[in-house]
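Here come two complexes built around chain A, the first alongside chain B, the second alongside chain C.
Up next is the complex of A and B:
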């Protein structure tokens, strides 16, 4: 055991117990997301399936929103997990944190039920406040928006008050505080409603883009820093040096990278140049993250206290770079994006990047928490099942991404480039064999993903219960 | 945490190579004595509260002339190196955080971002009429001009203008996305046809025409659809449409 892992007392801190609830709900919502994804994959094959009851539009909103919520919940759970270890004391305001958590859980349940059964309203202020805001994703009725802002504000209060009470500031905590300020404040930008859709989207992209490509990446940097200190005993000096480099690169490229969403929504033309340039640089910090994780793992010869968590951390580093960096760069230049915008290539990038950057991070955190959640802490944590869940989740998401990439290529080529975005072009590309054949492929890869998810949940429930003597012997 | 003792062992030997009881916790290591190849440095740290931790650093002694910062991942043969046994940042006792920097400034920034987005949003509202799109005035002009009551409505012309783009000139539809109207049994229900034309089909690409077409036009259009391309479901009157608005 290393110095940082040893800070963990036998009895969990209250905020770590709360973090376990965060992780439980996160993993549950991961399952919900997969189910709605599979429903949509089947609706590509049979468009009549559940039409009018659970239409593709509704499923897509639920699929994407479930993802945003579970990943955010997982990342916040990671902060509640590591914060008492970092500051050496219980989190200040933990009762308030517990209260708002259960309000949010109940709220998410109500919102999902309303989406599934009410779906649409008359399109007036009542709809805006109680049913939906008519957005494709980051969609919530306005009452839920206010609950989310309250939630993030209390979270921010927890972090700041605990830091001040502990009388100890570290580079990681400093970065975390300012990142959460941006995360909470930017969410409010998506709550406005203006008649002009260009103006509306101008602000809405602040949430969507600046969350995912700036504040979330930095939050990932912070929790992965703590994870590597826990898993490998990486020195703080090294962690913080890399973190500052990554933060500088993420904010330096990601903030103006916002331009790649502004290209075609009706903003002034200079956004094409700005967006094209900065968004092309966005893979840079992701390279830094790969080098960092691989360097640490290599320096310690993979000598870790928790094997599944370390392997998810490594998958995260490569997944983030390939999914977000390479698949994003493929279509970010304005010359290419003019044709590929809003095709299935965007879905390929979305699936690969969120899996790589954020699913990997949250599963790293969940495995670290699971290791300490039981009475007896097993070191190193290992099982026979996790490599199967790990391998098949990665294999099947690559299958899904490959099918989206191929259909996206056909769509970009036929619908956009050759036939010029007419209705006829749309129908021709949607009935092209390169497009239709990938539907089944995508559906079965999704089924495999669901199977791997079940294995993952089973492993999380059982790992560390019966330590395999052979595994421990092999390690030493 | 207060450190009382740090012991360093090399390659599984029982006796510590060095025992250090006060800072700086540093070890002078001569790779030449260890010889080329992989070695393990084990560092045992004991704390004042009685706990201790143990960490192993695996490193190569090579003829290459470089080391990596932080850890001794590789050590060159030719000269002794100084190794930090304890992470320096972990043992230093930092000053307490500034309340202004970590509490007041974050609050100001938070409110600042909220205010900027609010300001842009309010400005967007007040500028709508100046935008080239003229969204609001356009919506009003459509509502004023479109319902052309009086003139005899021509179902075929209305169909080719409003419907044929998706449902096809011969009502044949397109693929699985736009349903065919020719030979479509659902058209037998006149009320259903009128409702779909008036309200559209939420969640699909079928728009609502209720605001754009008058009762006479909807009736002519529904009648045309129900009695063309081999369909024979009978006419629809303007009164039927008015009853369903």
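Up next is the complex of A and C:
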């Protein structure tokens, strides 16, 4: 076994203790996301289920917002976990970080209650400020937007001030700061109201696309870099070279790849060519990540200090490539996207890519934290339960994605290609057996996903309690 | 803009590669310095092009600049026609017909569409429908909602109203009573003012040039 490339002292840093709170809330919100997803899956089967009380729109709002918050919280938790290890000192401004964290937790609680119970409001500015902004993914009312900006600003201050205090900037820290500045700035692009719906969506995508297809991917690159140094003892030089390559490819293709959202919203025709060209290149960095993951774990023959974390890291590399890369490429060229855009195929891509790119990353981080949070640090971390949670989460998300893909093909074919995209065409497509047959399948795969989530939570609470020798013996 | 997408793409990639190579003289392609330069250079070049195109796009999507209609389009008949050269449908604006029996001035039309947009956001329409193709996937795309033949074929006879705008307004206020298909829209309790404003917004949106999306709208049966 290689020595840890990032040494974990016996006592946790304060920022690592804060990171544990981040991870706890992240995993809890993961559960919230699954519950509301299941309610929607059942509403596909029986549209009258909870009709008018907890309608599809409310469940979907909670489903996608819980997802964004838990993944972002998980990634930020990863930074709070590794930052003191990288800089060799406590995070500067940790009190402020703790304060804003509890403000954010309270704020998220209020927003969730308002989404669930108030749901909608009259068509005026009051609603946009205090109830719901009504723009998918960034529904957060405006007051919450300001809280989020304050949160990211304090987070950025923590990172920059700690780096300055340590008087040592590494490639990883440089990329992190560069990326967080962009991430914070881009969020403000979504904090405005405009009547012109084309302009509205133009800037809306700066948050939605440039977060998940650019700045989040780079943030993942940074925390996965630290994770691999920890898990496999990969040399820093190798990690940083790969990270720079990732950034060159992610920003080099992803910034103008934004154009694939500008095909049909009223923006000029040159976006069709630009968006098609650059987004077709967007899978390149994801291929590079797969190469890196396979090479690195193969070179170490899967010997690691933490087996579940390493396996989630490998799942992340493949999941990101297949979910974001392949399922995205499948429908990104305008010639295809004209027919598939806004169908169930988009949902297939959404589920696969968020799971692959971000769920895998956050669970890698959570397992690393869990290993070190106990009084006795067990090396290598292993249990009998984690492979079940791991296997069934992956299997059932593939099942969900497959059902969306098939109903998406049916919808694309029937509604768009054959019947001309009208209301009637839409109804004909969603009542077609090729589409409705996938409903039950999706629901039961979702139930299996919930079961696997329960196993995951149980494993996170119990793994590492037994001494390593006992686990090893159990494996023999 | 005088440049095609191919020229922009080639220039972006070419500049990124050349500037990276010039800055990285003396470093092998496997060194971290080489890739650090590549990361910074490609990010900056792409960001610069995005900013430049954003100014150009912002000019072109102003209401009345050609792609997005003026607010007063709600006073006119609108439709889609096949453009043989572009090989896609384009919106056409016809004669003035009024809207709910009235001709709106530019300011009045703006105020009405603004109210409609706020109502659209306040009632969270995007979490079931799609607006310009974006949103959730549980209810029909609203990009061309005003032009949907279903209003005349089904809704107007069912409600016994004489005009399309009346049909849309009345149906939107009582979608639970007139279900279409298996999925029922919940009653979101639009006031009269909100319902009229929402119909105005949907009519205005139906006249945006979306490069032919959604495809073959209303052509096939």
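One rule holds for everything that comes next: the second predicted complex is superposed on the first by the 462 of 476 C-alpha atoms of A that agree within 3 Å, B and C clash if a C-alpha of one lies under 4 Å from a C-alpha of the other, contacts with A are read in each partner's own complex, and residues count from 1 in each chain.
In the analysis below, a contact is a pair of C-beta atoms (placed from the backbone, for glycine too) under 8 Å apart; a residue touches a chain by one contact, two chains touch by 3 or more.
It should be emphasised that the depicted structure is a prediction, and the values quoted were computed from it without experimental measurement.
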{"item": "Side-by-side fit of chain B and chain C on chain A, or clash", "value": "clash"}
{"item": "Partner chain in contact with A:120 - chain B first, chain C second, else both or neither", "value": "both"}
{"item": "Which of chain B and chain C A:233 touches, first, second, both or neither", "value": "first"}
{"item": "First (chain B), second (chain C), both or neither touched by A:303", "value": "first"}
{"item": "First, second, both or neither for A:184, with chain B first and chain C second", "value": "first"}
{"item": "First (chain B), second (chain C), both or neither touched by A:452", "value": "neither"}
{"item": "First (chain B), second (chain C), both or neither touched by A:272", "value": "second"}
{"item": "Which superposed partner A:164 touches (first chain B, second chain C, both, neither)", "value": "first"}
{"item": "Chain B or chain C, by number of chain A residues touched", "value": "C"}
{"item": "First, second, both or neither for A:357, with chain B first and chain C second", "value": "neither"}
{"item": "First (chain B), second (chain C), both or neither touched by A:401", "value": "neither"}
{"item": "Stretch of chain B, among 20-28, 74-82, 110-118 or 164-172, that runs into chain C once the two complexes are superposed", "value": "164-172"}
{"item": "Footprint overlap on chain A, comparing chain B with chain C", "value": "47-48, 52, 55-58, 119-120, 178, 195-196, 198-200, 202, 237, 240, 423, 427, 430-431"}
{"item": "Residues on chain A engaged by chain C in the complex (per definition of touch)", "value": "40, 43-44, 47-48, 51-52, 55-58, 60-61, 119-125, 127-128, 131-136, 139, 171, 175, 178, 193, 195-202, 204, 237, 240-241, 244-245, 247-249, 251-252, 255-256, 258, 261-274, 277-278, 338-339, 341-344, 346-347, 416-427, 430-431"}
{"item": "Chain C - residues contacting chain A, complex", "value": "1, 3-6, 8-9, 12, 16, 20, 30-32, 35-36, 38-39, 41-43, 46-47, 49-50, 53-54, 56-58, 60-63, 67-68, 110, 113-128, 130-141, 143-145, 148-150, 153, 176, 180-184, 186-188, 191, 194, 197-198, 201, 205, 208-221"}
{"item": "Footprint of chain B on chain A - complex, ascending", "value": "1-3, 5-6, 47-48, 52, 55-58, 119-120, 156, 160, 163-164, 167-170, 173-174, 177-178, 180-182, 184-186, 188-189, 192, 194-196, 198-200, 202-203, 206, 233-238, 240, 295, 298-301, 303, 423, 427, 430-431"}
{"item": "Chain B to chain A touching residues, read off their complex", "value": "1, 45, 51, 53-58, 68-71, 73, 86-90, 94, 96-97, 99, 102-103, 106, 109-114, 117-118, 120-121, 124-125, 127-128, 131, 133, 135-136, 165-166, 174-177, 202-204"}
